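Before we start, here is the structure in question, set down as structure tokens.
Chain lettering (A, B, C, D, E and F) follows the sequence in which the chains are written, and residue indices restart at 1 in each chain.
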């Protein structure tokens, strides 16, 4: 094993409250700052861990190894993802680089369900509630609803900040106590997330077929036909197509975006697809 | 064991058809007559069993014990609850006070599912059917639908009367034959009941927020905002609140009712909640 | 065992491509040509198998036995049922009459799920899609939608033709590889079919109660009352009644049809049931 | 038209009886339509009674009282509405306008009745300790009075004082109190539902509570439709719990694909 | 405009063919739109044929014939409706008004055809006993006649006698009979559905029958939507039965949380 | 009214900040309402800002960005809409008519930003190899620019050139390009959803994807309602997987019927 690993626990540097605060602060600002289609939030996670890495791994090889690991694909809901970081820090503090694989597994194992739960709460539920209130008041020119929403957002910000320390102190206990339950909770959370994503399709994708066939006085609207077959048929078909394309070897997210962009412009230009 | 228990079966008094009829009659009239939030139908059950208790337990201690047991919390659908009484009588007749715990368990075990099934049939299904017919005819001034409903109610009354004897003769057999199935049927019945209760909330609770904010020409209706968030949001919130309050040590149904009443009057007086 | 069975595999006649084609052709034309309530598609299946039977079973008893077996109750979706025929042919070719029971079981085991899947695809999905397109265009006097549908039907016809050979070459492998999965797939397919049938009831049965009660100026429409109780109440009740009648010993499909026909005419004549 | 004293007595008796009827024989019954009919007969105007009762009936279609949950007391509403519609000759709308707030206010007396009986419950406990069987019986029977009076008294008073006085009293009542009482009537059923949920294994079946609510609140499915959906889910639950707990259960045919008889029908 | 004899012959042939087509190749097909198109071509007025066919098509969108359930025969309706719309020049509404009752009445002939074939079935049984293969084949093929004639004959007659005569006959028919026949046509599909349910393991899947009905009747979801919902439930059922019956099934990943490849994607 | 240079600068800063805010602190936030409010303050007409923001907000109620799915950028729309409504005095409808296409076109810049960051990702990879921790940090932080500039630049330009120029440019743009770009904006979110589905165990949960879609598309249930339904199903799933995997789980009370305490309540 590596050098860092040889030291007894007491020899190994300890993480202080300040370290936790710093990580929390970094996670807040960086988690999505370099978000990209290839590894999504990997860089944010890495950035958050840099001071910890510096502290725990004096050895150059260890550092590189851990940095590399932390720059692997990662994606979760930023609001509650701090909990995972906290757990990770506790484990690395105790086990050092020996925990490399454990941590990688932990991150991959938890990110999905944290995304499901966090996105539903902070992406669907809260914005629906306060967005409704605020928008309705706003329509009448009344800023109170908007101000309430602002205040709620401050409160949420405050709460978020408690999750990383919580993960650090309680994470392991919670996760291990949960045992097999954890898998089930994960699955249930993903189920919830997937359901919401299903509903997202007709809500977020705007793809009508404005084609109109005329011959004499006869007017045929393509979208009317499509609606009769199935509502939101085109969005569904496009999602399915993109999903399938992403499974192809030659295709990656970058290429797909370019493809869709060009296809969109062309189809739009010819009036085949519109809003 | 107690005195009554020592006798052989032949020594022990037998329940006659008349006894069954009397219990049936008493159950009909008393099951909910002293209904209260603390033990709901306990007194009705006790009242129904009094003659049986007199007959089966000459011993004073036995009587007091059995009366006490039968005055414990009990709640089920009155229409079909007679079946449980019938079973109980059969068991007590055979085993005497030795069955005390068995009977207590039986009552607690069956009341939930009987409530679910009975309430759905006699509280939702029949009144929907005959209420629709009757109301529609009634709106036109035609009493025939109402009269049909009356006749159906007589028929139901007649049918109800057969359940206690059925429970007495067949109950044990049915229940034991069912074995593990019984738990599953119970669960399924409760599931059905809970579903219907979920639908009851938006239907039975009237709680709008008639607050209207005005500033200049701008008018803001609070209920419109709430509806945009979720239909029947206030009733749901109130049910959740009361449910949670009932879990508190200091809270019981009595206090809750007074609390809600006062809160309702105050909120209503300030125009925060209305119909 | 029978004579045919004694031969080694090489002795036994082999089925050629031409045989498969012929079966395919026959299945196409005959599967429902003698459809009847008693055994539905049995005769079509038998007709399809006749040349194979002639070829594989020179022995008279074998022939009669196999023809009898193939004339037992069979019902599936004609579009994809060829797959079953193909499998059957492969098995009979290999095992001869020894496969009699295997084949009977196979047919009975697969027909349900093939019906569920096939009917949903070719009875619900495709006609909804192309029927919508075609009807909408047709309403404007534009025949293109109808023509597209025609072309699709030719394409489907073409595809259907590949299923029997596929069943012949791959059927056994697919089915056996599936193992226990097959039962589950079957069940899932039936589930889908049953769901669709549930939706068929309000869509395909036209049974209103046009009764109108008048007394003075008061007008009472029976159907309005029924709708308030439950939508499509009469169709559901009729289906339940027929289902129950079919369970009676003295009742069979023949009698039921006559009964319903006469009842329909009478009820219609008295204005109790209408469209 | 003025109300006759015998009409007041009959309607008061009806009010007393109807709630006893509801918790016992269930004939005249627990729903406004039939009460409206009887009130109409008493008032000599069946049609008005029917129409008032029917209108109120449609507001509570399929809404039953579960686990002691109070619901708007449109039975009392039907009596008062019918009586004053006939007396005042002001028609159905007036009657409904009177019946609905009365029904909502009456929720409080329903709660009061269910509440008062606790008193007798504790006396029953006492008599049991004394082995006083007759005393037990007596105290249970006393429960009839809170129930009956909770309906009879307000009906009697409202009829006695007459429409004008009611309206004057109502006018004299501070608005905050009348709207407060009416609002309290609207939310009191919540207590019953909460108690019910406490006595059911709600946490185990919370999903179905949500689904029932979802169907009623979002999809506007009427109660009977929700019961139908609940039935379907209950059956699924039943079959599945069978699958898990006893694999040789006769209902679990997922491995066998069912048994068919000679003519291809499923025997099950 | 009067109908020409060759038009009668062609439409009669079309009627004969269309039902054979439906149970065999499925090209011209089993739906009114295409029949209306062809009838329109024959009558020299494609547009009328299309509109009549399309209108009828929309009434049966996604409604297939399952397990031998009869459905309103709007194909025959399309032929008659188109023909008389063109002949009489009375327009589309007239055509639809004719086509719908004709479609409902025709259900009875569909049932009759499916019914008559039982006769040939029993002859086939006989020939099998005699090892008379050709006899078997012949009797199966005879089934083509009940099917074809059940459509061709009424179409032929209705075209032959002409609109006026039809209307006179219809007038001569006692009302009770015509409404009776039409009502019977509306409910006859019930028999097919009931037979189908008998041959399916309905009791095991009764919940899904209810859910399908619920979606269509209460939520007004069109057939394709119901099929989608059914698909979702079928998949859930499939996965769950796997969980119960074989815990090492590769589809059951509830304990492992799926396998991810290097770039974080799920491989499944 | 003409826009002042300091207003341009403030709104440009707002545009830069708002997207950073969204991916970090989430205060001013990720939704058009609040941006409209701030833009209104800057423009000296809070009411217009609020109304524009609120109108746009209602179009995306409960629609969050999941797994990197882009959504119409109505925040930028709110800035531009508010600014030009105030400048031109043409009212709310004009503002919305401007904001919606801007929001759709901006999707492409959101995609571009998310896309450009890949560049820094690879530089980070490089620095890691060199054990250059500061270099790593620096390159991560650079990600702030694609994000910020993707919003700030277009806002700056659109404000700078003024309404007239925009409209002239728009007029000068070939129609095919503008409609093409706007169409592309409408479908680009599809990519995000597809990526998301790739990174979720979609095949395992495909049923729930269908059900969520079904509820939204067929039953028109709003997002929060779908989340409610999803919650119910998630709980059922959780309990059932417990039944299958560990029979002594404390949540699985199907055999015991729950534990009741002395007063009959369920303890759970």
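Note that a residue touches a chain if its C-beta (ideal position, glycine included) is under 8 Å from a C-beta of that chain, and two chains touch if they have at least 3 such contacts.
Quick caveat, the model's predicted, so the values are computed rather than measured.
Counted by C-beta pairs in contact, the busier of B-F and B-D is B-D. Taking each chain's centre as the average of its CA atoms, subunit B and subunit E sit 49 Å apart.
Contact with two or more other chains is made by residues 38-39, 75, 112, 128-129, 132, 135-137, 141-142, 145, 180, 183-184, 187, 228-230 of subunit A. Within subunit F, the positions touching two or more other chains are listed as 61, 198-202, 208, 210-211, 214, 218-219, 221, 224-225, 228-229, 231, 233, 235, 240-241, 244-245, 254-255, 257, 264.
Of all possible chain pairs, those that touch are A-B, A-C, A-E, A-F, B-C, B-D, B-F, C-D, C-E, D-E, D-F, E-F. Residues 198-204, 206-208, 210-211, 214, 218-219, 240-241, 244-245 of subunit D are the ones that touch subunit F when the two sit in their complex.
Against subunit C, in their complex, subunit D makes its touches with residues 61, 224-225, 228, 254-257, 260, 263-264. Residues 20, 23-31, 33-34, 36-37, 46-47, 50-51, 53-55, 57-58, 60-69, 71-72, 100-101, 104, 108, 111, 114-118, 120-121, 124-125, 128-129, 131, 133, 136-137, 139-144, 147, 176-177, 179-191, 193-202, 205, 208-218, 221-224, 226-227, 229-231, 233-235, 237-238, 241-242, 245-246, 249 of subunit E are the ones that touch subunit C when the two sit in their complex.
Of all residues in subunit A, only 28-40, 42-44, 46-47, 50, 53-54, 60, 63-64, 67-68, 71, 75, 78-79, 112, 115, 119-120, 122-125, 127-129, 131-132, 134-139, 141-143, 145-146, 149-150, 153-154, 156-157, 180-181, 183-185, 187-207, 230-232, 235-236, 238-239, 242-243, 245-247, 253-254, 256-257, 260-261, 263-271, 273-275 touch subunit F in the complex they form.
Interface residues of subunit A facing subunit B in the complex, by the touch rule stated above, are 128-129, 132-133, 135-137, 140-142, 145.
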